[in-house]
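Heads up, the next two complexes both have subunit A, just with different partners, subunit B and then subunit C.
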Partner chain A sequence: MRILRFFITRIFLKRWILVLGMILLLFLANYLSFTTARSVISTFQGYQEIETLNQEGTFIANLDPDSKTENETINIDKTRKLYEYLDNHYTYALQVDGFVTSLENEHEMEVTFSYINEEAYKINQFSLSQGNHLTFNYQFNQETIPVLVGAGLATTYPVGSTIEITDPVTQQLVNLNVRGVLKENTHRSNFYAPNIKNYFNFSIFLPVNEEFIQRAGLDLHVNGLTDIALLDSTEDEAMNLKEHIQKNLGLELNFFNQQENFDYFEEYYVYSLKIICTIMFILLIIIVCLATWNNFTSIRLMKKDFTINLVVGLSYSKLRAIFYSYFGLLFSINLTLLIAITAFNRYGFWLRKESLYATYGIFGLLSMDWIALLIVLFIDLIIGVTIVELTLTKIKRIPISVGVLN
Partner chain B sequence: MKYSLFRFIDIFEAIAIYLICFASNLLFIYVLTLDLEASFILESFIESITDYQLVIIILLTFMIIVFHYQFLNRRKTEISCRILVGDTMVKIIIRYILNSLAILGFSFFLSLSLNFYLELNGTSNLYLVFIFILYILISAGQVKKE
Partner chain C sequence: MTSILKLEIQKKTFKKKCFSILHDFELEVEAGERLSIIGESGVGKTSLLNIMGLLDPHYHGSYKLFDSSVKDLSQNKLAEWRNRKIGFVLQESALIHSLTIEDNIKLPLLYAHLEKDPAAQDHFKRIITKIGIEPILKKKPLECSGGQRSRAVFARAVMMNPQIILSDEPTASLDSKNKENIINLLFDMNKEFNTTLITVTHDLDVANRHERIITLERNE
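What follows is the complex of A and B.
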């Protein structure tokens, strides 16, 4: 320990610019590997969520990218009729998020409504931390609507409390009864960017039944259609619905079956992740080369110090241990910095009141952040071993006499 | 480069670091021009890096400070010897600045080929050139003898 302190304070820090340069380079390497690892983990998590929906007999709708919708062809009467048709002929899962409302809460966050029907609720199997699951057989405007609230709203609106609010999609004053509280960080991944997630810590889950849909506005109807999933259906039924929607609303939706979705996602994800990993690998190689060069220049300048210590009895194995400890220290500084920056970024969502991204976790970090940090630690080990061993080889090549002469 | 303090390996190292900085900056600008809407995953990943574009580039330019620092430290004995045989400190400093600027200029012109290849504006790297000139002028104050 004493010799390590001697090397750090008397030899390395004597040329602090080189130490700072090394810290900056290693930080860049850590940041890039962290971003990549987190992106890959998040995509993988999102893919697993989508897999639960992507079953045989399920047809997931998406708006055709070439579809040119004329808004005047869509009106509330037509969409109501369409949902009536859907209720009579199909089983479908529907979940629409992001309807913002102002509701008092201790964190002064915007509260969003997430509308979910029974089928979508069954498929997603959301976990609760308190209370009971949703029921869907309520009478709209005659009784209170049972709802689930996010973990961030649990203290202001505990289980059993009633919320009186104007519902954003029906524009009617409704009484909501809190039935349960969603587990912290309950989320939903974006279908086409599974690494992007909406967190429901400040959301209210409102159960949607046939009656509610008929009273809802155009926004819910159209947004719901573009993400709707037909369950226990066939190719012909899906095609019929596609034609029906196109004929009545002028919306061109595609309904992909399990195999088509699987092929699409497989190709899309694998392609994206391959590119991400390639970019990261190239950047890491460049940074490691720069870091090795930085360390070699340190050796050039510290040649005298190293050789003198070697002459007075320092062994190469001890020098190796000193270098490993030194790099361990640098990596620890960088990892702490990385944790602090990530925690600050997560906290930033709270500061900016972005309720769909505000999350809970140890130091504000989510499980995927910690897994990504573990991967960074592993990459650091590889980088550390590479640089230290190359440096040791370089030092061993310096003849002791040349060093002493210096 | 007559009477220069720079050897071939120093010139090579400096050019390599300059080119890494210039190329990184150009690649950042290039990916921002790409239409990545076909892949949202890729788009959000690239965004998480390009959001910190300036910070990353400035961190990379620190390598040039490291280069000048170690270079001038290693040349202290040579500077003392030159002064012994009749050279002056002022002339050494002027030569050092001019040589450093020549290496920077050469690297910049080399990087222009990447500009043309990626069809980017030729002035994209100019702000880096100003930063590097600043580094050179500051490091000129560190030209010292043993």
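What follows is the complex of A and C.
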């Protein structure tokens, strides 16, 4: 320990600019691998969610990018009729998030409503930390509506409590009864961008039944349609619905079947992830080369320091241990920095009151962050071993008699 | 007299430069002996010193030091012997420039875990008093004269009271007064503690003051 301290304070830090350069290079390597690893993990987490929905016989709606629909032509009567048609002829899963409302809570966060129908609820199988699951057979405006609340609302609105609020989509005063609390960090990935997630820590899950749909406003109707999932359907049925929607609302929706959805994922995500990983790998190699060059420069400048220490009692095995400890220290600094930055980013969502992204966790970090950090740690090990062993080989080649007189 | 060092080298090869030196070289040194090695540049004087000083394990042959076969010793043991049993007196520039003279001299104590040892501190004071470098202890090597630096290198070499002192051109680049100082310090150590002295030098005056002179010749 004393020898390590001596080397760090009296030898390495005397060329602080090289140490700083090394920290920056290693941080760059860590940051690159961290963001790439997290992006890959997040995408595959989303993909797993998609897999549960994207079964055979499922057709998922997607607004055609070439659709030139003018929203003025869509009105509430038309969408109500369309949902009537849907209820009569199809089984469908519907979940619409992001309707913001003001509701007092201890964290003073904006609260969002997530409207979910029974089929979507069954498919997603959200876990609860307290209470019971939703029921869908309530009568709107005649009884309280059973809801689930996110973990962030559980203290203010515990199971059994009642919330009186103006529902953002029906614009009516409703009484909500808290039946259960969602587990911390319950989330849903965007179907066509699986690495983007909405977290429901400050959400209210409101069960949607046929009656509710008929009373809901245009926003819910249209947003619901654009990513509705037809279940147990056929190509013909999906095509019929597409035509029906186009004819009645002027909306051009595509209904992709299971294979098309997987193909889409393969084409847009797997391919781009491969590109990202390849670029990351190339950049990582360049950074490792630069870091090794930086270390070789240090060795050249400290040639005399090393050889004199070898003359008076340092062994190559101790020197190896010193280098491993030194790089361990540099990587620890970088990993701490990385955790701090990630934690600060996560905490930023709380500060900015962005309730759909505010998450719980140690230092605000999610499981995907920790897994990505583990991957970074593994990459650091490889980088560390590469640089230290190359450095030791270089030092061993220095003739002592030349080194001491350098 | 007992033999402290017995070296038999078949050859020392430099793979990169494709040549070899020290063909069939044999040397036996007794405890307390003063030996000097001379020879023209490139014959292998410094290489021989590196081998004897346990700094270079890459040679064909056998080496017995303090009755132990060097090739059987671990890297850490070799380092420990370099620290405790062998002192290296190198040229005056062989000091770490970022450290003070005091820290340079005390460097061997770091590896012997004796930095805070009172006996070691007393020994340090005795040495610096004897060689008269108290005023420069807090200075960096580049702030000192060549003679002062030479004495600092000597102080570092004797810091652990070694049984053997290996000197590589200890008087190179010194004026006659400083040269005399260093030689006297080395010989005093030899007389006072029966320290074995092996000196590589180009300087025949210096070589002639040793008990035995070995001349290395180029292999044909």
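What we mean here is this: the second predicted complex is superposed on the first by the 406 of 406 C-alpha atoms of A that agree within 3 Å, B and C clash if a C-alpha of one lies under 4 Å from a C-alpha of the other, contacts with A are read in each partner's own complex, and residues count from 1 in each chain.
Definition applied: a residue touches a chain if its C-beta (ideal position, glycine included) is under 8 Å from a C-beta of that chain, and two chains touch if they have at least 3 such contacts.
A quick note: this is a predicted structure, and the numbers were derived from the prediction, not measured.
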So, does A:Y192 touch the first partner subunit B, the second partner subunit C, both, or neither? first
More residues of subunit A are touched by which chain, subunit B or subunit C? B
Quick check for you: in the superposed arrangement, does A:N294 touch first (subunit B), second (subunit C), both or neither? first
Counting only touches as set out at the top, which of subunit B and subunit C does A:I400 meet: first, second, both, neither? second
Quick check for you: in the superposed arrangement, does A:K14 touch first (subunit B), second (subunit C), both or neither? second
After the superposition on A, what does A:I3 contact: first (subunit B), second (subunit C), both or neither? second
In the overlay, answer first, second, both or neither for which of subunit B and subunit C A:F200 touches. neither
I'd like to know which partner A:I308 touches here: subunit B for first, subunit C for second, both or neither. second
A:K318 in the overlay: touching subunit B, subunit C, both, or neither? Say first, second, both or neither. second
Write out the stretch or stretches of subunit C touching subunit A in their complex. 46-47, 49-50, 53, 55-56, 75-76, 78-80, 82-84, 88, 90-91, 93-99, 103, 107-108, 110-113, 115, 156, 168
Looking at the complex, which residues from subunit A come into contact with subunit C? 2-3, 6, 10-11, 14, 304-305, 308-318, 399-401, 404-405
Contacting residues of subunit A [partner subunit B, same complex]: 15, 17-18, 20-21, 24-25, 27-28, 31-32, 35-36, 39, 43, 190, 192-196, 268-269, 271-273, 275-276, 286, 290, 293-294, 297-298, 300-301
Residues of subunit B that touch subunit A when the two form their complex: 13, 17, 20, 39-45, 48-49, 52, 56, 59-60, 62-63, 65-67, 69-70, 73-74
